[in-house]
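Look at the two complexes coming up: subunit A is in both, with subunit B in one and subunit C in the other.
Moving on to the complex of A and B:
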């Protein structure tokens, strides 16, 4: 079963959320819909609860850093076990102090996934129950997956290192 | 739980891990206990975080290939297949049929090796030492087969862009024949030693029950999800490599307790064995490597998401390329991470003695969680 085609799902999202949809990209190898960052949770709820879409499985949440365009793109990839279709939602946030609505109350999987994005990219999720670092140790400074974070000259705990 | 309010009880905290042997590596839980009951569990991960994704961004595609094997070292074949598939899809390389069959066969051998470890370690966690020796005995057979072809026993580095590193040596065929012949009886041994063992049943049956909707909501995949009754396996539903031609019927159970998660893996060993047999019989002739594929490819700009059914579930790789010889973004969607994220909810309210069976039955591997 192939599920609904991307154009159809994108059309439904556009009808429903109109102004919040920034871009519909069908030419990409993974077609996606770009929405405003504050609409991420509303779209997620709709994707999950609309019976004809039934996206019950949030595969992952991640981010891609674009320093040249001064933005971080959040990526939400959904899958439906019922119809076996996939759907990708993107949202742009600021590189420093970017904020998006959390989807952890809709998808329990997002609780850790959003913590990971927060830890590695520094994006904050509004309404997350426990937004703390998850992979890097306590007291870690910086967000390692940002492009301007250089691993070569990074000192993990500068105040604990012996003075040179 | 207290029936008599006159008895004064006090909660106390116990730190379990990161060096605890049944946390399978380095996983730490801070448990709040009320007598024998777990009131709250605070999981801590990241002790094995190597920043694989950052390393991938700083390396050539070929340089990261052996690194990919180390993401989940018990199922390294799957990690490198995902890495190569992503590059091949972006470069639009068609892999020769023989290479596809070889990849499939070695993935299934690797799956058996991984499940053998699960079988041994899970029983060991519950206090039975013999199954550990049994599991490692058969794992050795699969390791031999992998070693004689790839030269490695754990991190194979066998898959290449557009094919595989080497064809099968002559000595492989008698060895695999022997393996195919003896393995079903060995799985029967496994079943006879544990499936009806009173202690084993008492500790696993009805323990850590997870209903399908909850499992899906937490992003569970693989044998854990199928033990809860969701009929989904990438090998059947979204076939890749040679699975489409071979055909596969997933193992689906219904109760979703520790026992069924164990049983699902045991049954999967038999299913993998059948696939290996089919692979050997139907192995097409021809080249094992597509010609004129650069070893240092400049991958065309684009985005791709590859899903592979690893022994632990849905292993995904989201690769963003900007047209250079290094990945721009290398997102790993590892199954163990999602499978483990439910641990807090799973352990709330269980007895102290159930922690180890529940954690063990998830078959989580920490390098796969932490990356």
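Moving on to the complex of A and C:
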């Protein structure tokens, strides 16, 4: 019932996509496998369709901005209701004009999740059926979760509060 | 006195043979202030307090305040919570749909100034009075039902002071509502 351990799943992924796996990190609180951005969809299809893994649920897609390293890291978190095990896949894309393969044709939930990442980080998903903004208002400019986001409305929190 | 044992106080105070328009105004204002129907419309956690104030423990009904499910039949709209930039044009449209005379109570810090979302927020409007005129501000985060009730009583006082010309949209120049906003007002602002 406990499901497969991370090392086993990571080993299977490595055997299957050896060249595309960049990094295997077990020191993290949630261990993850980092793959190349164009392999995201292939890995997702394998995770879903391989009977011994059976990841039938994509919990979330999100992203993290690393301006110092000039990259955005996409995070995919999978869960299997059959075996009750989890698995995290990460992929790095460029900070401006980053592109990854969409997994919306594999997991229906990814359609909105990828739209959200596109809206807030500006990452494009190749093969997405309707890649438009989902959260910000009509006519919004920029991608607000990028750490260098600026707009006229935006008031940064002051370093020192004014004295009374 | 026949069937009516005691007339309402405004009738009693009528000076003998007083000026009819003034008396009519007072009578109408009394009836308007005593039957404020508010729109059932909530935005965030302040809406929970608004519901508490409307329910039986605090009981808005005793002021003649009942909720209506459409702006067309409402006199009052509570702006009860955080106004996101995405919601702001919708609130503006609801305000335009409210039948005149219409009143707005800005409830809580977020509706007044953006509140806790003033700093470091890309998605929150910093005060509802940037898009619609506000009659009463009720501070708090969120305000207690008693505070909201106090705001409603102040609104009643305001309604009773009004002249009918004011109430039905003939604003003096300095009280005119903001100009109609473009649908994409965030860009054109």
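What we mean here is this: the second predicted complex is superposed on the first by the 149 of 164 C-alpha atoms of A that agree within 3 Å, B and C clash if a C-alpha of one lies under 4 Å from a C-alpha of the other, contacts with A are read in each partner's own complex, and residues count from 1 in each chain.
By our rule, a residue touches a chain if its C-beta (ideal position, glycine included) is under 8 Å from a C-beta of that chain, and two chains touch if they have at least 3 such contacts.
As the structure is a computational prediction, the values presented were derived from the model and not from experiment.
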Can A:136 be said to touch subunit B (first), subunit C (second), both, or neither?
both
Touching A:77 in the superposition: subunit B (first), subunit C (second), both, neither?
first
Taking the superposition on A as described, I'd like to know which of subunit B and subunit C A:107 touches: first, second, both or neither.
first
For A:144, select first, second, both or neither according to whether it touches subunit B, subunit C, the two together, or no partner.
both
In the overlaid three-chain picture, which partner chain does A:154 touch, first (subunit B) or second (subunit C), both, or neither?
second
Quick check for you: in the superposed arrangement, does A:30 touch first (subunit B), second (subunit C), both or neither?
first
Comparing subunit C with subunit B, which touches more residues belonging to subunit A?
B
Which holds for A:46: it touches subunit B only (first), subunit C only (second), both, or neither?
neither
Would you sort A:59 into first (subunit B), second (subunit C), both or neither based on which partner it touches?
first
Doubly contacted subunit A residues - partners subunit C and subunit B:
135-137, 144, 149, 151
Which stretch or stretches of subunit A touch subunit B in the complex?
28-30, 56-60, 62, 64-65, 75, 77, 81, 84, 86, 107-109, 111-113, 116, 120, 133-137, 144-145, 149, 151
Spell out the residues on subunit B that touch subunit A in their complex, using ranges where they run on.
45-46, 49, 51, 53-55, 57-58, 89-90, 213-214, 216-219, 230, 232, 237-238, 302-305, 314, 316, 318, 320, 328-329, 331, 333, 337-338, 341-342, 345, 370-371
Quick check on the complex: what are the subunit A residues that touch subunit C?
135-141, 144, 149, 151-158
Per the touch rule, the subunit C residues reaching subunit A in their complex are 84-86, 88-89, 118-123, 126, 183-184, 186-187, 189
